[in-house]
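There's a structure below that I have some questions on.
All chains are identified by letter, namely A, B, C and D, in their written order; residue positions are counted from 1 within each chain.
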Amino acid sequence: MLIQLQSDINPAQKEAIIQKANALKYKITEVITQQGHYLVGTGKADFDVRAVGNLPGIKDLHIVSDDYKLVSRKWKVNPTVIDFGDGLRVKEGEFTIMAGPCSIENEAQVEKTINHLVEQGVRFMRGGVFKPRSSPYSFRGLGLEGLKMFYDMCRANGIKVVTEVMQVSQIAPMEPYTDVFQVGARNTQNFNLLDELGKVDKPVLLKRGISGTIDELLYSAEYIFSGGNEKLMLCERGIRTYETASRNTLDLNAIPILKEKTHLPVIVDPSHGMGIREYVEPMALAAIMAGADGIIYETHEKPEEAASDGAQTLSFTESERMIKKMQKTFALRKELGN
Amino acid sequence: MLIQLQSDINPAQKEAIIQKANALKYKITEVITQQGHYLVGTGKADFDVRAVGNLPGIKDLHIVSDDYKLVSRKWKVNPTVIDFGDGLRVKEGEFTIMAGPCSIENEAQVEKTINHLVEQGVRFMRGGVFKPRSSPYSFRGLGLEGLKMFYDMCRANGIKVVTEVMQVSQIAPMEPYTDVFQVGARNTQNFNLLDELGKVDKPVLLKRGISGTIDELLYSAEYIFSGGNEKLMLCERGIRTYETASRNTLDLNAIPILKEKTHLPVIVDPSHGMGIREYVEPMALAAIMAGADGIIYETHEKPEEAASDGAQTLSFTESERMIKKMQKTFALRKELGN
Amino acid sequence: MLIQLQSDINPAQKEAIIQKANALKYKITEVITQQGHYLVGTGKADFDVRAVGNLPGIKDLHIVSDDYKLVSRKWKVNPTVIDFGDGLRVKEGEFTIMAGPCSIENEAQVEKTINHLVEQGVRFMRGGVFKPRSSPYSFRGLGLEGLKMFYDMCRANGIKVVTEVMQVSQIAPMEPYTDVFQVGARNTQNFNLLDELGKVDKPVLLKRGISGTIDELLYSAEYIFSGGNEKLMLCERGIRTYETASRNTLDLNAIPILKEKTHLPVIVDPSHGMGIREYVEPMALAAIMAGADGIIYETHEKPEEAASDGAQTLSFTESERMIKKMQKTFALRKELGN
Amino acid sequence: MLIQLQSDINPAQKEAIIQKANALKYKITEVITQQGHYLVGTGKADFDVRAVGNLPGIKDLHIVSDDYKLVSRKWKVNPTVIDFGDGLRVKEGEFTIMAGPCSIENEAQVEKTINHLVEQGVRFMRGGVFKPRSSPYSFRGLGLEGLKMFYDMCRANGIKVVTEVMQVSQIAPMEPYTDVFQVGARNTQNFNLLDELGKVDKPVLLKRGISGTIDELLYSAEYIFSGGNEKLMLCERGIRTYETASRNTLDLNAIPILKEKTHLPVIVDPSHGMGIREYVEPMALAAIMAGADGIIYETHEKPEEAASDGAQTLSFTESERMIKKMQKTFALRKELGN
């Protein structure tokens, strides 16, 4: 069961609800987020909804049969809106573009990318300063100093920063310089990191694990939400299969499935999804028709000179062309009512 | 190497070419199709193209580095056109719809489906009379008599029949009543069946194996082409992965990859691709934006009463709505130049 | 339900049983094999076992909840014994070795292999004359003439021939020269082939599909058994996964699972299982400890000169060493009671 | 290149080596572990080994073509020995057993388990106090207080504690109470955690990722080793495949592959490997014959009452029986020289 509490509930009322739920053999977790106050009950017994739902202090009570509760669409029909101010929102029904290099390299690179984004009306710039690398001998990013430079330049241009956080100890120092914390595919089940991101009042972009199931992605989102942060976006970025023709298999099936299961926005990453530049555009357009709420992709002034992931990165010319096509494709989807 | 021969080549000229190629340690396979006469050379040595290419009787000589040769786009830049007469063609740049039930059940069902297709302007009807079933105790289809009924009714309405062939001995009896032989996902590497379909002058729709790689699909197509039949269409129909949220994982990545590797048209089956009715439409539209040349899907007057695959089958109302959306989506793709 | 009939049942008695089962909404398939006479009932209703089981002509009635029936261990506790005469049997509790080249190449090769096998006391020789190949330009085997030579030489030395059948039309001509029909991993769900092998009175070695589930393997075995042939062996030969360090992933987990689910013997192929010579021996020994009833592997006088699969083929020296180790390992397993 | 330095090397000598390597376009990482002092060079150029190798201060120089260097068997033919004192060692050629419950629950449970282990001569007890759980509402372990209790009781009985660490901030508080830090399958690519474990002088048991490749496991081990800790064990624990008959697919193929690629000991976890109690024993024995240096498994006085993973946990009776069989199986493997 999922109980939404009234904002003026008093401690005695809350206690009464918990005792009632416990009596029904439901274990209660209290959740306070930026936007709501909830009691999440996990248990199996059938019960009379009115027996609990009519208690004072309750705004609404929902039966949610999924094992994840707060992120389920079963209780929250209206999709989540993440509001960045200035009219900038990520939500179902609008189309979000996030673009930028794999790694932040230097000021000149950031400046050129910002110019490109501003010209195209893109409001989110992605870029890593802490890079997860398979080999310990690879470039691991510019670190916090790089982030500060990245953030200051973005801020001066009205651009929001999307950047990966890899560990708990990075959260606090990164927070002043980060608009969206990205959780990478290797950390989707780094539960401590998820717990801590639940305590932050900044949006989180949670990527699906390299071979994570859709349910596991939703459970991981539940960690963050139940920790107190409901500003959540999910991201499909390619899964591992037997096929070797591309680096990953971008799983567009996940889009309609997620849109049915959860109220959270779904962003798609066609750059990591296949790992091959030529296929980024068709897969981005396909993702939009499948129902994606946004696309995140890699672009660089000179992809062949990028510090990492050049093979899957678009030039600015390619990026510009794709943006126009994405907007037309999204416009068609709206027209079709999909 | 792939050598296109002139139509008026004489045996002595051909023999001279073969000897020259053998001298370069190339093994030669002679291929005569409905549309061309080829010598396919497999070997590894570098050689001077002019040393062979200038021999009399040769129309063109191509170096094809792929292990499949005839189906490779490296020698044939113009995409394959499969012409059914009456202006009906399957090819890159046009959009083909094939629809119908999983299994042919009876006359009434076929009649209703034809009415639906005619109304919507759909020219291909799919429907199985020989059904591959995991369990020997399941319904295995109406067989040849069913096919005759199916074909006669379609023919009377200008509809082409697309139906699955499961074994060599079925080819000859089926041929008079079949417009497109479909090879199912369990037979993609049934090499004897492929060999025999190479001898037939009827188009073949070759499905990707349940866990077949893209290269394996192209090799299997090479079997049919090198057997003498170049009227070939490839079909992505979902692969097997670890994800259990859907029956299969429709691999839209395969579309741009195939379009780059081969000149053959690529059809996508979103019904088997996920196995869930609600997701057929978004995945069909996504497939079109990814570059599909056609969509094949399951529709039935009453999906819940279908003899097989009801859970992934559209009602006629759903089918009609999807057809309109697919046409608009394809129109946008053309407008975008993709 | 699975009904074993008495051998002297009369038609009226049989009809009465079928009518009774139909009245319970069970669909009945009659199966007559070399060893028994069965009625297989598929349906869902609960019923009083005595209401059917006491009818005249019934030897035994079993409730089998699995979707496969005849191959299930639920009704047949005693494992299947396949008797080749001369004291040669494949069965649980004995250990069977099948060895030989991937492809039969010529008389000299067969002679040398037979000498090696006779020396080591191995009674089954494997070797393909019809080879399934991804590419149509690869060597496809010596065909029927090769099989006759192979068979005659084996017979003269008391060796049984295990060889792959790829299509229905090969069964009849192969039958006089084949002791065990092998069904390859690409044909595990070639249902017509399975149907026809059900009509043959020769043992069948059925390989698991390249990405076949264990249940699919059992269903495919059910096809052959329900067709009339219960001389069946199953073979694990490696599945397709994301791992690229070896050609396939030999799935030893399948052994204890299959031993619990079915009464059929389970043979393991460590040559195709990984595709790398060095790992054949450790995986063969592991397979034995996991419960395999036999091992089939590739050996060749000069692996590096083999017409196919040389990289996974053992030399005779390696083969001899492995045979000794396998026998000691199997002896330990018996001693442990596993 | 991998350079082993002499223990008495002086700074000027080291600097000269680094400069020489840099001149060859090799990037140098200095690594100081408990047992050695290394310079790891990553680069691609061919060079004259003597030109570097003869410099003063160098003990040995190795060309290691693998992308991982320190964990490669190419430079270190002698397998790693992890010495716990009291004659307790984990290494190739000896057989290690680690057993215990999934979760540490209470003193009584630990006491009973210790009694069982002491009786059987097992010297390592596994047990989690920090539990990674898919759902945030599941039991997450007793935490540090539980670890102290667990450690004190083990220590009093000469048993070593193997327990999972989930995040960087747990390392320091856990260290006094932990003999082997286990890194779980969801953290195999938690690179910050690996970095920090490189700074600890305690053995680490690194599990393969849920769908991690063998190379990724070795890269992750390289993180820890290059961080300064060479007391490393690798653990195969089942991978994710399409097969649903068991929770995971225990990949025994990984054993001979890892034994060839690395000098680190390889432990196998048949409990998580399949997730089904009945199959733990056959798979453990199979793993030993495939070359495993040790087995880690779950056992509990009353598996059906275990706080987690009961379905894959052995009773003490089953555990005792398996220990005896494992020892006999290992003895046979030694006798066979494998």
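Basically, a contact is a pair of C-beta atoms (placed from the backbone, for glycine too) under 8 Å apart; a residue touches a chain by one contact, two chains touch by 3 or more.
Note that this is a predicted model, so its numbers are computed, not measured.
A.B. asks: Taking shared residue numbers divided by all residue numbers at the interface, is the value for chain B and chain C over half (same) or under half (different)?
C.D. replies: Since more than half of the residue numbers are used by both chains, the interface counts as same.
A.B. asks: So which chain is the furthest away from chain B, centre to centre on CA atoms?
C.D. replies: Checked the centroid distances; the maximum from chain B is D.
A.B. asks: Any idea how many Å lie between the Cα centroids of chain B and chain C?
C.D. replies: Whole-Å distance between the two chain centres: 33.
A.B. asks: Go ahead and note the Å separation of the Cα centroids belonging to chain A and chain B.
C.D. replies: 39
A.B. asks: Provide the C-alpha centroid distance between chain B and chain D, rounded to the nearest whole angstrom.
C.D. replies: From the centre of chain B to the centre of chain D is 50 Å.
A.B. asks: For chain D, give me the residues that contact two or more of the other chains.
C.D. replies: Residues 211, 240-242, 244.
A.B. asks: Can you check the complex and tell me which residues of chain C touch chain D?
C.D. replies: Spelled out, the residues of chain C in touch with chain D are 211, 213-215, 239, 241-246, 249-257, 260, 273-274, 278-279, 281-283, 285-291, 325, 328-329, 332-333, 335-336, 338.
A.B. asks: Mind listing the chain D positions that touch chain A in their complex?
C.D. replies: Result: residues 27, 29, 40, 42, 67-68, 132-137, 166-169, 186-187, 189-195, 209-211, 216, 219, 222-223, 226-227, 240 of chain D touch chain A.
A.B. asks: Residue numbers of chain B touching chain D in their complex, please.
C.D. replies: For this pair, the touching residues of chain B are 211, 240-242, 244.
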